[in-house]
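Working notes for the structure below.
Order as written gives the chain letters A, B and C; numbering starts at 1 within each chain.
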Amino acid sequence: MTALREHLEAVPLIDHHVHGCWLTSGDRTRFENALNEANTEPLAAYDSAFDTQLGFAVRAHCSPLLGLPRHADADVYWRRRGEVAEPDLARLFLSAAGASDWLVDTGFADGVSDLGEMSTLMAGEVHEVVRLESVAEQAAAAPGDYASAFDELLSRQTRDAVATKSILAYRGGFIGDLSDPSPAEVAQAATRWRDAGGVHLTDRVLLRFGLHRALRLSKPLQFHVGFGDRDCDLHTANPVHLLDFLRVSGDTPVMLLHCYPYEREAGYLAQAFNNVYLDGGLAINHLGARSGAFIERLLEMAPFRKILYSSDGFGPAELHYLGARLWRSGMATVMQQFVDAGEWSHPDAVRVADLIAHGNARRVYELT
Amino acid sequence: MTALREHLEAVPLIDHHVHGCWLTSGDRTRFENALNEANTEPLAAYDSAFDTQLGFAVRAHCSPLLGLPRHADADVYWRRRGEVAEPDLARLFLSAAGASDWLVDTGFADGVSDLGEMSTLMAGEVHEVVRLESVAEQAAAAPGDYASAFDELLSRQTRDAVATKSILAYRGGFIGDLSDPSPAEVAQAATRWRDAGGVHLTDRVLLRFGLHRALRLSKPLQFHVGFGDRDCDLHTANPVHLLDFLRVSGDTPVMLLHCYPYEREAGYLAQAFNNVYLDGGLAINHLGARSGAFIERLLEMAPFRKILYSSDGFGPAELHYLGARLWRSGMATVMQQFVDAGEWSHPDAVRVADLIAHGNARRVYELT
Amino acid sequence: MTALREHLEAVPLIDHHVHGCWLTSGDRTRFENALNEANTEPLAAYDSAFDTQLGFAVRAHCSPLLGLPRHADADVYWRRRGEVAEPDLARLFLSAAGASDWLVDTGFADGVSDLGEMSTLMAGEVHEVVRLESVAEQAAAAPGDYASAFDELLSRQTRDAVATKSILAYRGGFIGDLSDPSPAEVAQAATRWRDAGGVHLTDRVLLRFGLHRALRLSKPLQFHVGFGDRDCDLHTANPVHLLDFLRVSGDTPVMLLHCYPYEREAGYLAQAFNNVYLDGGLAINHLGARSGAFIERLLEMAPFRKILYSSDGFGPAELHYLGARLWRSGMATVMQQFVDAGEWSHPDAVRVADLIAHGNARRVYELT
């Protein structure tokens, strides 16, 4: 093991975009579906989420933490996992991730731990990320003027939060006008939406309104970008289509999350705008043995002070751990190659590792 | 040679998308043009298709089968090739591919062997893939109602076929409405097309009609995706634009062929839909020394039970062989890296190799 | 050092797309901004262009030429650089590039050397590349009929030039009609533009007119493609959108420059059209330690007689040198891998290196 790899094994992480983990036990179907991000339906009988890069990575890296040999069979893994209570699994895998801070998106939390539970579970500080579309849906249900209700809710909910998050990628995507709508447009759109029930926001005017309100907060604004489930049209989740929005986004940090397969486009935007950042969360887990090649591409056009770490773990705590596991080994391999080729110095590699592991996140989110 | 490479050298393949090969001799222009997929015009005088990755791969891998040293000069290769009768070349290269089954697209067969000839030549079973646009063009020429004629032809022609194939990518691409048209729309469009001559189908309504008829058959539906000749607008052959169609495609297997440079998008769709599959045929040949890097990307988001092998060979039988040759060595290199890095176990690598080589194809096409 | 690497270290280059370099000293802000291509604003206080792949490459490769150790600290590098007069820096780095010919885009030359100065500085022949949009802006200011003025200016300015260049990517992008407009359309558009001041051409009709006039010249027409600054919408600078234009471009060589992250699409077009060529200038510099991976992708679908070398250096002469430095080592690494894997022969690798280094450029630009 090289000194660089040793450093990366130990460096504390700030997981700047993550969700809750399971606290109650479930069946194998729940587990396998949680290993497939894109499919919104039950997996076919002839398929198994264990037969994927993520499945192989779970068997390679999570088995030893459960006392199993590396690459334990899927059935063996599943059986052994069932012998441990879900909260104990959570404690085991979360602490093994080596994160000092977790920035938790609370916008979608069906079946997973809430902030309080996570504080207890997680070996580290827990911070909240507020989802804009959830705020909008609450504002639709609130009495009185929509814009005022939204403002009041957003202000209250973000008082102790570190960031906001938008899933515009799932609600129509990035293509088209993303300018700040006029108050009259907002009022009209809100009436229309409330009349239609006021659930599951897809109204473009109100989505735009939410984004521009988030910009005013000055707290970092996270965007789901690229790879997700099939409710998201991958084509319209390409961050190049955020260009006009970024041009008016001022100094508010804009965080491009996940980014696969548009990580090169995201890196370009991180170079083009002082306030744009990116990570490779979610994708790194699903790429497993191929995550190193993805991490390499994250290290192309993006300035090194603009790249962050996240796992985007949701559900099985294996994911919260694996994100860290794969990032640590992928980064070590990639940067060691740069050093061995004489392109980077060893101290530079250590410094860049620290920036991405926690330095950039601490600065941008103003964590103490 | 590692045990994994030995396994890959010997594993029988199902080439699930291929065309006929030449049986009559031709000049060097014919040969060189057949090594360039994208250009629809004669190559310029200052160019040579031997000076490409595919050309270098032919010289590296096909030379020894003709008794020449690896990397024989282009002129030497061409001369030696001319000393062997075309059917003998076909027998030589086809048997060297090590395929047990060939699924042959008979929709475009100018100058190449037909199914009967291929049965004789090919060291393996031959199965037919019926091209939907050819069926449509026959239906246009048939008497009576277009839809009935199409249904009758499709039913008859696919009785013994294993799949259908669409070249929608060449007939307007994937962008836009791909829903099932109404009978009235179909009738109107058919009249319009027949009045205009009824050749070379580009009418969107009738293309959509054909796709949805193919879905009803339940046999796998193959799509040309990405890289092809310049009649195809690469941009509109990106499989992300099939999203809405895939959402209504039910259980009929949809096979995304070739996929370059959209293999990562195709892999995402293979994860997102139980019925979506992909391969890297055609591209692997044209990438030559770079095909390993492409194979790596095929092994990213797609579940391992959703990836298949094909050569897409057409014309010179070198292509039917090279597809297998490059796939075998590329897969061995890529998977050995996964194993050496401790990310995959050796038995898993063997199992995934078997799935992609033939297991998945045998299951999806219900071959015995 | 292998024989292949030795060959690549010494092979003379034709830098077929480059700009002037600084001759007057400036402050550190000017220097750091020149290391960031995409951002059009001053870098944020918390950022440093030294903390990028390009910054690391400058410290790795340019330091030794200034008598510093490899990877010298950013502050040390900046101090040492300041001790050398800018023209001496230019002479130092330009001669170290090992280029026999420089094809200089004179269309944007704020603060950098003009052709005459470059002739003095550069250890090699200097040739001019005329920017079409500059010609148009001069034609707008000229008396009389716009089309005649444009023709007259273009004819005069290209008499001794080797090529034209279009920055259509920055003036609306490639999407949409790029056909040759009628004389009446041109006259109308010119009147409209002149009435509006006649500066900064973005009128689509006149942009199209310029392109088709350039085609008639038969001299190579260079296009900025992909990666550039954020005035360019990356999405519309994807060369796939040039398809219809290329279909009518006849025999005039069309040179796709830079191409990141669309180098695979550009390679496909270079295979599809006899008259299409590509390079990886600009991108190679900004990719630093990752430039080898980019060079690999340039060597995919494009025939080897269709790939060229350029640095796209502008401003600090480090960029004119680094382009060559990174290309030489990246090509050596990539091609040595092909040779070691038995996919290419050593003589073929040398021959392809020579084609890309200077052979193709000499042929296409008809340099003596």
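The criterion applied here is as follows: a residue touches a chain if its C-beta (ideal position, glycine included) is under 8 Å from a C-beta of that chain, and two chains touch if they have at least 3 such contacts.
It should be emphasised that the depicted structure is a prediction, and the values quoted were computed from it without experimental measurement.
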item	value
Between chain A and its twin chain B, rotation from the CA superposition, multiple of 5 degrees	120
Chain copies touching (chain A, chain C) - same or different residues, decided at half shared	different
Whole-Å separation of chain centres (CA-atom averages), chain A against chain C	37
In chain A, residues with contacts to at least two other chains	none
Chain A residues touching chain C - in the complex, by the definition given at the top	238, 240-241, 243, 246-247, 264-265, 268-269, 271-275, 296-297, 299-301, 303-306, 338, 341-345, 348, 352, 355, 363
Complex contact set, residues of chain C against chain A	36-41, 43-44, 46-49, 51-53, 56-57, 60, 70-71, 227, 229-230, 233-235, 260-261, 286-290, 293, 333
